[in-house]
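Everything below concerns the one structure shown next.
Labels A, B, C and D are assigned to the chains in the order they are written; within every chain, residues are numbered from 1.
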Amino acid sequence: MHPFGVPIGVWINAFLTLCILSFLYKDNPFFRFAESLFAGMSLGYYIGIVTENTLRPNLFRPLAQNFWGNVLLLIPMALGIMLYFRYIPSVAWLARIALAVYIGYYVGVYLMQKLHGDILFQSRDTIVSLRAGGVDTLWNIIVMVGVFSVLIYFYFSAEHKGALGKVSKLGIYFLMISFGASFGYTIMARISLLMGRFSFLVNTWLRPIISS
Amino acid sequence: MDIQKLLYIDRRIIYLLVAIGALIPIIRPIGLPVVPTAPVKGLFNKIDTLGPDDAVMISFDYGPSSEPELNPMAAAILRHLFIRKVRVLVVAIFPLGGVSMAIQQLERVSQEFDLQYGVDYVNLGYKDGGQAPMKAMGVSIHDVFPADVDGRPTDEMSLIQQVVNYDDIDVVISLATGVIGEWWANLINAQFGVDVAVGCTAVSAPKYYAYLRSGQMIGLLGGLKGASEYEKLLIDRYPEARELYGKPEEAKKSAITGMDVQSIVHVIIIAFIIFGNTMYFALRRSQRR
Amino acid sequence: MRRTLPLFLTFVVGMFPIFAFFVPHRAVSDLNQQLDTWLVIVAAFALPLGVVNLVGSNITKIKRKQKGWPYSIVLLAGLSVMAFYGIMGGEQGFHPKFQYMFVNMVSPLQATMFSLLAFYVASAAYRAFRARNIEATVLLAAAIIVMLGRIPFGDMLTGGRMTPLSEWIMTKPNAAAQRGIIIGAALGAASMQIRVILGIERTYLGKGQE
Amino acid sequence: MRLWYAFIMIVVCFNVWFGSDALAVEIEDFAAQDTPSDGGQSIDLRWVATGRGKVFILRSTARDSAFSVVGEALASDGAYTDFGVEEGVNYYYRLGWMSGGDTLQTHTVGPAVAKSNWFRKYRSNALVTTALMFFLVITFVNRAKKGHPLYIRRIAGLSSIDEAVGRATEMGKKILYIPGILSLSEIQTIASLSILKHIAKLTAIYGTDIEVPNKDPLVFSAARETVREAYLEAGKPDQYREEMVTYLTYDQFAYAASVTAKMVREKPATNFLIGSFFAESLILAETGQAVGAIQIAGTADIPQLPFFVTACDYTLLGEELFAASAYLSHEPVLLGSIKAQDVMKAIIMVVVGIGIVTYALGSEFIKNLLLTR
């Protein structure tokens, strides 16, 4: 089906795009329709993704092909099912076991990432050279002052008064420069997204209609 | 006075002007100049020293929502690598759509060159598990990807036979949204010492600058501007690239055209900020009287 | 037991990846990898928790003919059709209809919602970037310089000075501030993570009815 | 005849020109041993070479026979890591190189065995950091438990939480609490839940309406528990309704669409955006701003901070989010851990400070100490 020389899929795509864009003017039934459809379909999409990409290849298929060889997979399955015990008052506490395992593991993983990848790494990097030469030394000093003043801004054990207050104020200026700069830098990305949509509407949808 | 009204102008007027500013260059491109910056040159110059004996891994770590920014980047980098005959291994770590991005871009660019699959380049496809496969490739790429994206066994491919792990790879380039590019920089570079460059959306670029400064990354392409700078470097250096980007259907998709839209909308937003501040000071002055 | 077992498990399971971080022994890394895949499976089981709630509340809406109930029908229809074809995929991957609906419906909805940001950054910039006080002025100045540095127009206006200046802001003061936030946030996160492992922080577990 | 002569000369020259490197290779101190700090995947080879050229790595499981080429390296590299080995097997190695058409080999070294090791030595610095952090948290938490007074400055923005709840109460409108879009695997989400508990207690006491829409199903179920408990602890279990915590959808942007639609239709007086956020941050915050809600945000996702700062009334930046969640619980024990953070921060600044000074004096000792792999 190609009404006006454009595939029906493109028509649907364009219609839904316009429905969402209409929200900029105000909330309206078209947006509400698209929003509800979006909520439903996206959840359905993830049901498909989870079944197809996680449960089938990592759980069902191994169990079906070689049950005893993969019998340990029953452990995560049991943990997954335990999440639902929350709704049965007598065994509700078992749901917390699944949660405890899930949270515990990731907390451990990310703890090391923070301490190793973030703290050690960034600290090492703050050891800048004061002998870089010329203007580079000055820039390195600025970086050093910036890191220290921001860290002092995040210092909770003392009231920010006097010298501490001044340094922490400097930290705020560094933060403001960073936020302003990041904001300004990002505008670009956001416009790119809009461009992608507009270019679809103009080049993929409207142009073929006009030329047909 | 009406200054108050002007200050709290209906946001829909801003929306309308932004929309018009974005539409005009799409309907009729303008062509404004581009100046390459150091973080982009960092990656470009590195690749410019590589040749047929070298290998580069590109990780497609983005989904459809970041296409407009990262597709031109992927195309430009792939073209550069293929022009220099560097061998390319493509992987995908991002679960939602990374692999289809890889297929799309590789299909589009590889047909412009005379390449042999499995020898000059290979698409290993998606691997679940985030950091786990990334780390495991430090030992053996083949073990992580026993089959390529289409299920063909990789042990028969000369490229995978020769490129065992990160030791045989000159640069890993992650085209990333969100956190995966960071993992490459702070996990894989830190653990295996392989050079990492990241092409990211403009929004994550500021955070990546910290990694760039610390030497965890050798290059950084931020958003469409980074891509357009890379295109510019490529077009200036290689006549075959100039020819490629000269084709009208490629020009339309290029980051350089995208920059036209960027420029106009940026100017509109800056004009609004200046207007807002002018009104604000005018209001303050009138209130002081 | 009901109270201590979950806390004990959090401790043991939480210490394991830390242990694995330092111990390269194959037995340890294999078990760690196994845990990784297991927990992805556990997370997958959680999805129906949400689905049941969403379906339930929309059915109630329709039954009671609450305001906007027809939209609940749209939602449920979208959900069931998409989920049906999502589960219908075979060994070769997803059902073609599932992919068609993703490409022509879900994906454009995502992209358009995302693209609204182009408008929102404009309105937020207009409202927030006012030289009200020193801090706001610093914010405003940094933003404008970087915005000009991102477009060719800025360099045309200043004889090529805008791009280097904006790169300088990004790589020097901005990177310094970012690094400060990264270290601070990592410390905050690490201390909280240790609290969780040690069972000091336990809001997330809930007390339950014991 | 002359032609022949010229030809021979050319061949000789070629040999000298291209073969010279290979001819000059001389290998000393060739040794093979298990790669330290790994999982038994490889064996390290080391040698000292004079001259340049390529060397081949020959490997066998027998001392004297069946050597085959398993890799190649530049002689000048002086090292090679052989990943093609099985754990626990005895391997013997030789180096070979071409010399004017002949293949020369070193003597055999070995046996070398790839072993799984029990400690990554190069991560000793991380081990010290981890131990120190644990030690500090435990120490200060114990101090707090024993009743040592710990001073923590007022965290700006916390009082604004109470104000924001108060405003919603006065206006008789609802509070929207958005706990971020990541699952419970993210520590920010856990921090968010403990802040939610505090806020839910306030709404229970004041009788204000609260709604917590969710993207992640695990967070949804934990948030439900949290809010119910908060109402229980506030002595208002009868006011708790299941609809206070709802599930929307698993998609980031569909979630953003549903929440913004909610904001526009229900016009909440106050929005809390606390947890882990990505691109949807500004969609939510700007819509909330447009409908006139008071907004308090908190995240450690650095790319989103600028948007929250510009569109919200108050933003908890990075570490403040974690500190706030500890502070609000009003348990002195948790204050101890904030203190631990501060001490660690001071230690970092001192170490980095000394590092900068010694680095300027020409020592890279501290810099190398912090090297991460």
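In this text, contacts are C-beta pairs under 8 Å (C-beta built on N, C-alpha and C of every residue); 3 or more make two chains touch, one makes a residue touch a chain.
No experiment lies behind these values; they were computed from the predicted model shown.
Trainee: Using the stated contact rule, I'd like to know whether C-D or B-C comes out ahead in C-beta pair count.
Mentor: Of C-D and B-C, more C-beta pairs in contact link C-D.
Trainee: For chain A and chain D, let me know how many angstrom lie between their CA-based centres, rounded off.
Mentor: 15
Trainee: With chain centres taken as the means of their Cα atoms, state the distance from chain B to chain C in Å.
Mentor: Here chain B and chain C have centroids separated by 21 Å.
Trainee: Where the centres are mean C-alpha positions, what is the separation of chain A from chain C, in Å?
Mentor: Computed from C-alpha means, the inter-chain centre distance equals 3 Å.
Trainee: Can you list every residue of chain D that touches 2 or more other chains, as numbers and ranges?
Mentor: Residues 39, 123, 126, 130, 133, 184-185, 187, 190, 218, 221-222, 225, 248-251, 253-254, 257, 279, 290, 302-303, 305, 307, 309-310, 317-320, 323, 338, 341, 345, 348, 372 of chain D each touch two or more of the other chains.
Trainee: Quick one: which residues in chain A touch 2 or more of the other chains?
Mentor: 20, 23-24, 32, 34-35, 38-43, 45-46, 49, 54, 58, 83, 99, 102-103, 105-107, 110-112, 115-119, 121-126, 143-144, 147-148, 151, 154, 175, 178-183, 185-188, 190-191, 193-194, 196, in rising order.
Trainee: At which residue positions does chain C touch at least two other chains?
Mentor: Residues 18, 21, 37, 39-40, 43, 46-47, 49-51, 54, 106, 109-111, 113-114, 116-123, 125, 127, 129, 139-140, 143-144, 147, 150, 170, 174-175, 178-179, 181-185, 187, 189-190, 193-194, 196, 204, 206, 208 of chain C each touch two or more of the other chains.
Trainee: Answer with line, ring, star, complete or other to describe the graph linking chains that touch.
Mentor: Per interface graph, the chains form a complete graph.
Trainee: Under the definition above, what is the set of chain D residues touching chain B in their complex?
Mentor: It comes out as residues 39, 41-42, 81, 83, 253, 278-279, 290, 302-303, 372-373.
Trainee: What residues on chain B touch chain A, complex-wise?
Mentor: So the residues of chain B touching chain A come out as 12, 15, 18-19, 22-23, 26-27, 65, 67-69, 95-96, 128, 186-187, 190, 201-203, 205-206, 210, 213-214, 216, 222-225, 252, 258, 261-262, 265-266, 269.
Trainee: Where on chain A does chain C make contact in their complex?
Mentor: 9-10, 12-13, 16-17, 20-21, 23-24, 32-52, 54-55, 58-59, 72-73, 75-77, 79-81, 83-84, 89, 92-93, 96-112, 114-116, 118-119, 122-123, 125-126, 139, 142-151, 153-154, 171-188, 190-191, 193-194, 196-197, 200
Trainee: Note which residues of chain C are touching chain B in the complex, please.
Mentor: These residues of chain C touch chain B: 33, 36-37, 40, 107, 110-111, 114, 118-119, 121-123, 125-127, 129-132, 140, 143-144, 147-148, 150-153, 155-156, 160, 163, 167, 170-171, 174-175, 178-179, 182.
Trainee: Applying the document's contact rule, which stretches of chain B touch chain D when the two form their complex?
Mentor: 11, 65, 139-140, 164-165, 167, 178, 190-191, 193, 203-204, 206-207
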